[in-house]
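Here subunit A shows up in two complexes: once beside subunit B, once beside subunit C.
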Partner chain A sequence: MEIIIQQLINAVQLGAVYALIALGYSMVYGIIRLINFAHGDIFMVGAFIGFLLAVKFKLPFVFILLLTMFLTALLGIAIERIAYHKLRNAHRMSLVITALGVGTFLENLVRLAVGPQTRQIPAQLSNNILHLTNGIVVTEDKLLIIGISIMLMIVLWLFVNKTLIGKAMRAVADNIDVVPLMGINVDMIVSVTFAIGSALAAAGGIFFGQSYSIEPYMGIDLGWKAFIAAVVGGIGSIEGAVVGSFILAGIEVFTVAYLSSNLKNGIAFALLIILLVIWPYGIMGKPSLKKV
Partner chain B sequence: MGKIKVFLILSLLILVFVVGCGSGSNNSIDELKIGVSAPLTGDLAATGASTKNAVLLAEEEINSSGGIKVNGKMMKVKFIIEDDENKPETTATVFQKLISQDRVLAIIGSQASKCSNAGAPIAESNKIPQITPWSTNPNVTKDRKYVFRACFIDPFQGKAVALFAYNKLGAKKAAVLYDIASDYNKGIAEVFRDEFSNLGGQIVAFETYNTKDTDFSAQLTKIKATNPDVLFLPNYYNEVPLQIQQARKLGIDAQIIGADAWDNPELLKLGGELLEGTYFSNHYAVDIAGDKSKAFIEKYKNKYGEVPDAAAALTYDAAYILFGAIERAQKADPQAIRDAIASTKDFEGVTGTISYNEGSGDPVKGAVIIKIHDGKFIYDSSVKP
Partner chain C sequence: MEKLLKIKEVTKAFGGLKAVSKYNLELGKGEIRGIIGPNGAGKTTVFNLITGVYQPDSGQIHLDGENITGLQPDTIARKGIARTFQNIRLFGEMTVWDNVKMAFHARTGYNFWGALLHSASFKKEEKRIGKESLEFLDYLGLAERRNELAKNLPYGEQRRLEIARALATKPKILLLDEPAAGMNPKEVEDLIGLIQKIHNDFPLSILLIDHQMPVVTELCHIIQVINFGQLIAEGTPSQVINNPLVLQAYLGEEEAIA
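For the complex of A and B:
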C-alpha cells in the first residue's frame, strides 16, 4: 500500500511537468490549428534561462520563476511573429515544417551557447525529506513543485473561462474567420496564447531542471510525450491536456512498478493507442465544439 | 525567375560538394594519418574533450622528437579527429569517412562501447586496425582480427565489483539500475548480477531505463522496497549523480557503487556531496601513479589545467601502442601495423602493462577500486586479473 502511494506521488510529479508542456500544445492548436513542434524546445530554452538566472545572478526562486516565465513568453511571441505569422493562411503542412525548423534552430543555438553537457538547476527549494507515514517519503521541493503546477493550471482555467480576453480566445478558437468582424484583434489573441503557452512551458522547464537534469536536446523526447498527452486528452482542450498528462505519467510509472521497466514505453504507448481507439478525439475532445 | 533561382542553388551545392571532396582526396604520404572517432558533442562531450586532449598531447610529443621512422625516413604523425556525437549511426559514418576519404592507417576510438561496436565492422571489413581506448564491452573485439582495446573487459570488471561488494562491503543483497539501451551498461550489469549471485549474494532488484530518461523515481521506489545493502549503478557520469540524488530523496540509504564510466570530473561537478563515500572500479588511480603515469599526469595538467580521467589516460596509451607498432612495422601499411599491434608485448603504459595474446584484441590488465572522499577520487584497493 505504501508503495502504491509512493508511486502515485512519483506519477503526480511527472504528470505535472507533462501537463505544463501539454497545455501550450493544446492551446496553440486550439487557436490556429498548428501542432507547434517547437514547443518542446521552448520548454528547453525556459529551463536554460532559469539555469542561467540561478547560476549567474543567484536570484531567489520566486524571481527566477517569474522572470523566466516572462522572458520565455516573449520568446514565444517572437517565434509566432517571425516564423508563423505570415504562414497563418498557408497550408498546415508548411506551418508544421516551419515549427520543426524552429525547434531544430533552438536546440542548436542553445548547444552552441552553453555546450552539450548535462546540468542541473541548483536546488533553490528545500530538499528536506518529510516522512509522511511508515515508508512514504516526499521532499519539500516535490510538494512545492506539484502545488505550484496545479495552481498555475487553475489560474489558466480561470483566465480562459472567466475573463474577457479568455472569452475572446475561446471565440477565436471557435471560428478564426468570423471573430475579426466582432472587433476582436486576432493577432493580439494569438500572441497572448503563445505567451501563456510558453510561460507555462518555462515553469515546467524550471521544475524539471530542479528535479531532474537539463541538456539542449531534452525538449525532443519530452515534447513528444507532452504532445501525445495532449492528443490523448483531446487536443485543443485545457482540461484534456491536464487529464492526458496525468494518465500518461500514471501509466508510465505503474508499468515500471508492476510490470517491467523494460516495457515502459512499449506498454505506455500501446495503452494510449487503445484509449484513442475508444475516444478518437481524445478523452475530453469533441469533434467540432469550442476549443481553446 | 524561378528557374534561375533553382539553377543558382544547384550550382552552389555542386560547388560546395566539389570543393569539399577536393580537400579530402589530398593523398600525400609525407605524414602518418591516424583517425580518431570521439564524442566531441552529445551526452559524453566531456569524454570527447579528454580524447582530443590526449591524442593532441601524444601527437605533439612524438612530432617534437622527430616523428616515427618508416621506410628509412622520419615521418610526422597527424591525427584526424572526427565527432561521432556518441551515436552509433554517426560513428559508422565517421569510420567510413576516415577510411575512404582520409585514407587513415589506423583508427583510435570510439569511447562508448555502443559506438566502438558500430565502427568495428567497418574497420574490420576494410582491414584497418582499430584501437578503442575505453570500450570495455566484450563484443567490441569479439571474432574480429583488426580491433583492439587498451582497457580491460567487463566480464573482469563486473566480477571485480561483485567481489568488492560481497567481500569488502559485506553486502548480501544488491540492487542494480542500468541503461538497457546502451551496450556497456547492459553488459556489465549482467556480469555483476551473475557474479554476485555466484558468490552467494542475492540480487533483489534488476531495474532498467532508457538513455536520456531523467526520472528514475518509479524504479527507485521499487528498489527501495527491496531494502538492498548495495545499489550498483553501472552508468555514465552524466546520469549517475541524478540517479543518486533521486535515490537519496526517496530515502534509499544503501551503499552506492559504480564502474569505470563514472570517471570524469563532470561526475563531481554534478554530484557534489552526494557522492561522498561511494566506490567505483577504474583503470588507474591518479594518487598511486608510477613514474610513467606521473609524467603523463604532469604534462596533461600543465597543458590543459585538469587531471586526466581514465579515458584520457587510455587514449594516450592507445596512441603509444600504435606508435610502437608503426615503428616495429617500419611501413605505412595497415596490414603490417595490425600485425605489429597484435605482437605488442609488455608495453609499459600509463594505465598498466599491456600485452596482446595472439588471436585476441583484449589486453590482460588489473583494475583499481576508487573511493570518493572529500570531493576527490582516492585509491582504495587493486584487483589482479
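For the complex of A and C:
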C-alpha cells in the first residue's frame, strides 16, 4: 500500500510536467489547428533559460520561475509571428513541416550556444524529507512542484472559462472567421495563446530540471509524450490534456515499478493505442465538424 | 449632409473575374437600403468589401467621412459596422449568452493582468457586460435561452441571436445578408416587423441583401439592383420593380406580376 501511494506521488509529479507541456499543444491546436511540433523544444529552451538564471544570476526560485515563463512566452510569440503567421491559411501540412523546422532550429541553436552535454539545474527547492504517514515519504520540492503545477492549471482554467479573453480564445477555436467582426483582433488572441502555452511549458522545463538532467534534445522525447497525452485526452481540450498527461504518467510509473523499466514505453504506448481505439477523438475530445 | 457610408468606384476581381466593378453606394444616417440581384451578382462581395474581409483592387470606402479602405476587419468592426451572414455564423459551442458577450470585447480592452488577477474593476466590468448583454437577448426574446449552446437553438432563434450579437457591438451600420433565407412567409413577416422595430429603437442605418421581394420592398427606402458586379438600377421600390432592365435581368416574368 505504501509503495502504491509512493508511486502515485511520483506519477502525479511526472504527470504535472507532461500536463504543463500538453496544455500548450492542445491550446494551440484548439485555436489554429496547428500541431506545434516545436513545442517540446520550447519546453527545452525554458529549461535552459531557467538553468542560466539559476547558474549565472543566482536568482531566487520565484524569480527564476516567473522570469523564465515571461521570456519563454516572448519566444513563443516570436515563433508564431515569424514562422507561422503568414501560413495561417496555408495547407496544414506546410505549417506542421515549418513547426518541425522551428524545433530543429531551436535544438541546434541551444546546442551551439551551450554544447551538447547534459546539465543539472542547481536544486532550488529544499529537498527535506517529509514523513506523511507511516512509511510514506515525500520531499518538499516534489510537493511544491506538484502544488505549483496544479495551481497554474487552475489559474489557466479560470482564465479560459471565466474571462473575456479566455472566451475570445474559445471563440477563435469555435469560428475564427467571425471573431474579427466582434472587433476582436485574432492575431492578438493567437499571440496570447502562444504566450500562455510557452510559459506553461517553461514552468514544466524548470520543474523537470529539478529532478532530471537537461540537454538540448530533451524536448523531443518529452514533447512526443506530452503530444500523445494531449491527443489521448482529446486535443483542443484543456481538461483533456491534463487527464491524458496523468494517465500516461501513471502507466509509465507503475510499469517501471512493477514490471520493468524496459517495458515502460512499450506498455504505455500500447495502452494509449487501445484508449484511442475506444475514444477516437480522445477521452474528452469532440469530433470536429468539417466546415463547408 | 455627409453620408454615413460612401463606396466610390470600388472594383474587386478574383482571378480574371470582376466580382464587383466600379461600384458605388451611399447610405445616409437612419436609412434602410436594399441590394438585390441574381445569385453571383456580387452582393455578398460588397459586404465583404465593406467589412474588410476583402480589400478592394481600386476605389474607396468612407465611413462617416473617414477613409476605411484597406483597414482590417476587427478595426472596421470597432468603427461601427456589424453584419450577419446568409449562412448563420455563431459560436456554436458557446452559450447564447456568451455569444453576445463576445460583442462587448472590442470596447472592453485587453486587460490581461486584470483578467488574470480577477481585479475588482475587472469583475465590475464583467458584471456590467453580463447585464447589458442580457438586455440585448431580452430585446430579441432570447433571454430564457441564454444558457443553451447556440448550436442547439432552432433556426429562427439562431438568426435572432446573430442579430442580437451584431446589435451588441453597437454599430452605426448593420449589414444583413439575406436575413430571410430559409424562412416561411409567416417568419418573413415577423422578421420584417423585427427589422422595423430595430430601426426605430436603435440609432443605426441598415443595408440589406435579400432575394425575397417583400423584405426589400416593405423595408427599404432605396433599392439597388446589381448584376455581374455592376449597378443596373437604383431607386424606390416601385421605381425599381417597374424598371424593364431589372425585370429582364433579375425578377423574371412571374415575380414581376406577383
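Following the convention adopted for this analysis, the second predicted complex is superposed on the first by the 287 of 292 C-alpha atoms of A that agree within 3 Å, B and C clash if a C-alpha of one lies under 4 Å from a C-alpha of the other, contacts with A are read in each partner's own complex, and residues count from 1 in each chain.
Assume a residue touches a chain if its C-beta (ideal position, glycine included) is under 8 Å from a C-beta of that chain, and two chains touch if they have at least 3 such contacts.
This structure is a prediction, so every number in the text was calculated from the model and none was measured.
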Examine A:A257 and indicate which partner it touches, taking first as subunit B and second as subunit C; both and neither are also allowed.
first
Once the shared chain is lined up, is A:S94 touching subunit B (first), subunit C (second), both, or neither of them?
neither
Check the residue A:M188 against both partner chains and state whether it touches subunit B (first), subunit C (second), both, or neither.
second
Does subunit C touch more residues of subunit A than subunit B does, or is it the other way round?
B
Determine, under the contact definition given at the top, whether A:V178 touches first (subunit B), second (subunit C), both, or neither.
second
When the two structures are overlaid on chain A, which partner does A:A168 contact: first (subunit B), second (subunit C), both, or neither?
second
Identify the partner contact of A:R119: answer first if only subunit B is touched, second if only subunit C is, both if each is, neither if none is.
first
Is A:V155 contacted by the first partner subunit B, the second partner subunit C, both or neither?
second
Output the subunit A positions appearing in both contact lists, the one against subunit B and the one against subunit C.
none
Subunit B-facing residues of subunit A, complex
3, 6-7, 10-11, 13-14, 111, 115-120, 127, 129, 131, 137, 139, 142, 208, 211-213, 215, 217-218, 221, 252-254, 256-257, 261-262, 264-265
Considering only the defined contacts, which subunit B positions touch subunit A in the complex?
41-43, 45-46, 180, 207-210, 212, 214-215, 217-219, 221-222, 224-225, 238-239, 241-242, 249-251, 266, 270
If we count contacts the way the header does, which residues on subunit A are in touch with subunit C in the complex?
155, 158-159, 162-168, 170-171, 173-175, 177-186, 188, 192
So in the complex, which bits of subunit C are touching subunit A?
51-52, 72-74, 77-78, 82-83, 89-94, 98, 101-108, 110, 112, 115-116, 118, 122, 126, 129, 165-166, 169
